[in-house]
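To start, the structure itself, in structure tokens.
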Amino acid sequence: MTENQVASSFSFKIFERIKPDEYFRRFIEENVRPDGRALHTFRPTSIRQGAITTANGSAMVRIGGTTVVCGIKAEVAEPRVDRPKDGFLVPNVELSPICSANFRPGPPSEQAQVNAEIINQVLINCDIVDLSELCIDEGKAVWSLYADIVCINYDGNILDASFLALLCALKDLSLPTAEVLPSSIVQANSSMMIKPLKLRRLPISSTFCIFANPKVTLSDPTDSEENLSKETVSIILDTDGKILYVHKSGGAMCDAEMMKSCFSRANERAAELNELIERTSSQ
Amino acid sequence: MVREAEPSLNEKQFVLRALKDGLRTDGRRPYDFRSIQISFLSEYGHVQIQLGRTRVTRVSAKVTAEVVRPRPDKPTEGLLLFNTEISPMASPAFEIGRPSEEEVLISRTIEKALRRSRAVDTEGLCIVAGEKVWSIRVDLHFFDHEGNLVDCASIAAITALLHFRRPDVTVIGEEVTIHPMDQRNPVPLSVHHIPICVSFSFFADGELLVVDPSIIEEQIREGDMTIAMNIHKEICALSKAGGIPLEMDQIIRCSKIATTKTAEITELIQKALADDKAQRQSK
Amino acid sequence: MKRSDGRTEPSQLRAFAASQSLLNRADGSAKFSFGESTVIASVVGPAEVKIRDEKMDEATVEVIVRPAVGFPSTKDKLLERALRQTVEPTILAGMMPRTLIQIVVQIVQEDGNMLSTAVNAISLAMLDAGLPMNSLAAAVSAIIDQEGNLLLDPNSKELENASSVHTFAFDNTTSYNLLLSHCIGTYSQEQYLDCLDACKHASERVHSFIRTAVEKRIEKEYQQLQSS
Amino acid sequence: MSRLELLTVEGLRIDGRRPNELRKITAKTSVLAQADGSAYIEQGNTKCLAAVYGPQEVRHRMQILHDRAIINVEFNVAPFSTSERKKRSKNDKRSLEIASAIKQTFEPVVQTSQFPRSQIDIYLQVLQHDGGTLQACINAATMALIDAGIPMIDYVCASTAGCIEKQPVLDLNYLEESSDSPELTVAILPRTGKVNLMSMESRLHVDMLESVAALATQGCEQIHTILDSVVRQNTQLLKDSMLQ
């Protein structure tokens, strides 16, 4: 490399650091993003089911540079007094300092808690799983599923990745048949494995972020894009085109027309991912 | 955390000089309580207490009940829980998640005054021994801190407990029916006695004392003491945690003052409860 | 049609109530209610910020949500983030660099729509605190019930029968921009857009209510000044 | 629960003591090599260890006071200290309350203004719990502070008293303490007789307060004599060894 080339490659890195918004704006004006994607393309996505053998169900998902692993462990628990038939499904998102310098050690960050709560609310409110399928013996014992979603590498758009990972792990889940013996001990028969949970619908999440200047919508933002734009739109759709969850906040740029275009992009994305999930499951 | 501004030397001297003449900056005499306003919200067991008229200390208490499993070591006792976390709303000096010394003392005084002294009959909260009991929780919300949070909180907590009604329950064999409020009249808790906290602040080497300190008096005081007492002249809790050393006579004198204050406040609470009852019946 | 709390129209909102400057320790405070749903919000700031949260070019906005019963849960964290991201764009944070705007939301009574009640309470409290702002956020919720009816400002009884719940917040600029959309349940795109439209109209009523509330208060204060 | 007979007909207590009798007290100082001052105290079966570090540099710069030293107290109960193993975290409200009470008790007694911009740490560890934790901690802390050579205006001596069947009793043990009878902890400055800390739980009639408090004060004075003799003995030994 000549001295000149070194200087220029060096200077554009400095440029990115000291004027990130201007650096980014110049790319967007050319209708391309710094990682070479068009504005509306999602990053390449891959799924590996059953990645963790010690878990009852697991999956690893990569969306570009974002990698998450979801492992589901089942435990026997006593049901709540007021819902004697229902089991538990507890999602938990972990964003540790390992996956990005954005996160500090210690108690879970706001982002981790909020993502776990969104997943939890969608699971509860959108009729995705029937928790009574986790019943072992009414009022005495139920399965409690702990779904730990661990981010290995963070490069933006954690919600889409965690949702996809959870879904594939749930599809992968198999539990031993169990019964409550008269001595009120729960006996599990691990030679007889069943797939207890049926997914009633397949919720697929797509996230967009909106730039003010120039006014554009970007699909599947990376970490640096997330930092530059405060306004985000997350849409969760099922494969029949029903909307399950829409969240938009952080700015005032988005109007109904933009929402509509996000919906149609989310629809395309849902179809694409549905096919990918089908393909991985059949393997 | 935003640090509380300390009173200036001039303010300090002004308050102390006035106290030496038996005067207080808000026009009270040393042994006067601020006016206590008790207001009931629409639900049973939701009370707001105000000390003072313009710059008020304001605390509200909300009582809720739910059915839970009892603790294994006390199968026939219901639970009584207090939540006394103080939010920065009361004063910017309070921080979320890290209890300040003041908060710990308030919480412990309430616990001692109301729980340790067995003000509420917890055995009466049992539904089925070892299976189901009522768990009564008192959530205290601190809105404004203009001095003497602890007395205000104790009055709010006990008034709310007296005002609260829980749904009626019938037990036939193993079957437990909880009757909704609109089907059967809800029942009050059985409260054995009414502990009231009375706080003192000491100045000038313990020579001067005031009842119900305002915030500036709390900031410049040399020592403090809180006595919780009921109308039967029983001391339910007493705490003088350090501060300026006092003569024993001074402490005995305070207990006498607390006796009369307790009687006055108890009367006030009972009148407010009676008024509210009459109002609810006329509706 | 008749609704469970006696309202006759699906587009009818419950009675608004608001009071301002009710707390003395905060720089600004307000209480807002939709019927029985009541929230108190307080604002402190611009104040000293922790070095960890300091931003060199603007103010840090912090929202703390305190539930009516029990300890804050992850549900309240979600509410905190939604509220912060909704009101942040309306504050001229660039005018107060390296400071903290702390907003505390205390839920007093829950009867549905806590998110929209809280947005309105915060808006009023920020006005009361005299923060520099570019617009004012106002929010309204709606549901689609199991029969497919759109009901504005649902109470907790109606929420039990909801197939989807929608909350929208708008600013009061001429273009009436969408600040927040938080919608969960199962619904179609048309239903979403219907709710968006209905809430947009309803939030105009909230905006004008806030305006009258503030006007009345200022008038009263002015009269007091004159008479004294 | 059948009520325990806490007082026999002869007026003796469950462990054979008379109502106004203290439990046996053993106190030792300089028990830890690392600390600047330390003490170990046994009051009956309640055993408590105290260590004092400082005056030293303030750990968190935020807390520096420019006119005096800050006192930091940490209170810990060993999980094996009671008959049932109970893990009590350091941040449990009860422990925090005790720590803060001890801190506030010593603040007016230690001459903190002699050490501006510094910090004095008092660590307390309860090894065995048989009633009267707070009093044992205060007594241990006093001894440790004296051992560390930190200037104080006086000893702080603490004792408990309660009331069983209208009979004031001194120095409650665990059984008496947990039987729902009132317990009053008093800490005094023996020279002036002024009360530095007073804390009470459970119900006591206000007319009894005076006599119970008086009994506790007597207990404090007895403890003072014991602690003082230990300190004097130690000093004598030190003097002898220096003269040799």
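Order as written gives the chain letters A, B, C and D; numbering starts at 1 within each chain.
Here is the rule we go by: contacts are C-beta pairs under 8 Å (C-beta built on N, C-alpha and C of every residue); 3 or more make two chains touch, one makes a residue touch a chain.
Which chain is which protein? Per UniProt: A = Ribosomal RNA-processing protein 43; B = Exosome complex component RRP45; D = Ribosomal RNA-processing protein 41.
The model shown is predicted, which means the values in this text are computed figures rather than measured ones.
Peer 1: If each step moves to a chain the current one touches, what is the fewest number of steps from subunit A to subunit D?
Peer 2: Tracing touching chains, the least step count from subunit A to subunit D comes to 2.
Peer 1: Return the chain label for which the distance between chain Cα mean and whole-protein Cα mean is smallest.
Peer 2: Closest to the centre of all protein C-alpha atoms: chain B.
Peer 1: More C-beta pairs touching across which pair, B-C or A-C?
Peer 2: A-C
Peer 1: Comparing centres built from CA atoms, which chain ends up most distant from subunit A?
Peer 2: D
Peer 1: Between subunit B and subunit C, what distance separates the C-alpha centroids? Give it in angstrom.
Peer 2: 31
Peer 1: Which integer distance in Å separates the CA centroid of subunit B from that of subunit D?
Peer 2: Each chain reduced to its C-alpha mean, subunit B and subunit D end up 29 Å apart.
Peer 1: Per the centroid of Cα atoms for each chain, what is the distance between subunit C and subunit D, given in Å?
Peer 2: 52
Peer 1: Once you've mapped the touching chain pairs, tell me: line, ring, star, complete or other?
Peer 2: Topology of the interface graph: other, matching no listed pattern.
Peer 1: What pairs of chains are touching here?
Peer 2: A-B, A-C, B-C, B-D
Peer 1: Applying the document's contact rule, which stretches of subunit C touch subunit B when the two form their complex?
Peer 2: By the definition above, subunit C touches subunit B via 23-26, 36, 40, 42, 44, 47-48, 50, 64, 66, 68-71, 100, 102, 104, 106, 108-109.
Peer 1: Mind pulling up the subunit D residues that touch subunit B in the complex?
Peer 2: Residues of subunit D touching subunit B: 93-94, 96-97, 100-109, 180, 182, 184, 188-189, 192-207, 209-210, 213-214, 217.
Peer 1: For the complex, give me every residue of subunit B touching subunit A.
Peer 2: Counting only subunit B, the residues touching subunit A are 67-69, 132.
Peer 1: Using the touch definition up top, name the residues of subunit C that touch subunit A in the complex.
Peer 2: So the residues of subunit C in touch with subunit A come to 74-75, 77-78, 80-82, 85-86, 88-90, 135, 165, 171, 173, 175, 177-189, 192-193, 196.
Peer 1: In their shared complex, at which residues does subunit B touch subunit C?
Peer 2: Within the complex, subunit B touches subunit C at residues 1-3, 41-43, 46, 54-56, 58, 60, 62, 64, 83, 85, 87-92, 96, 137, 139, 141, 143-146.
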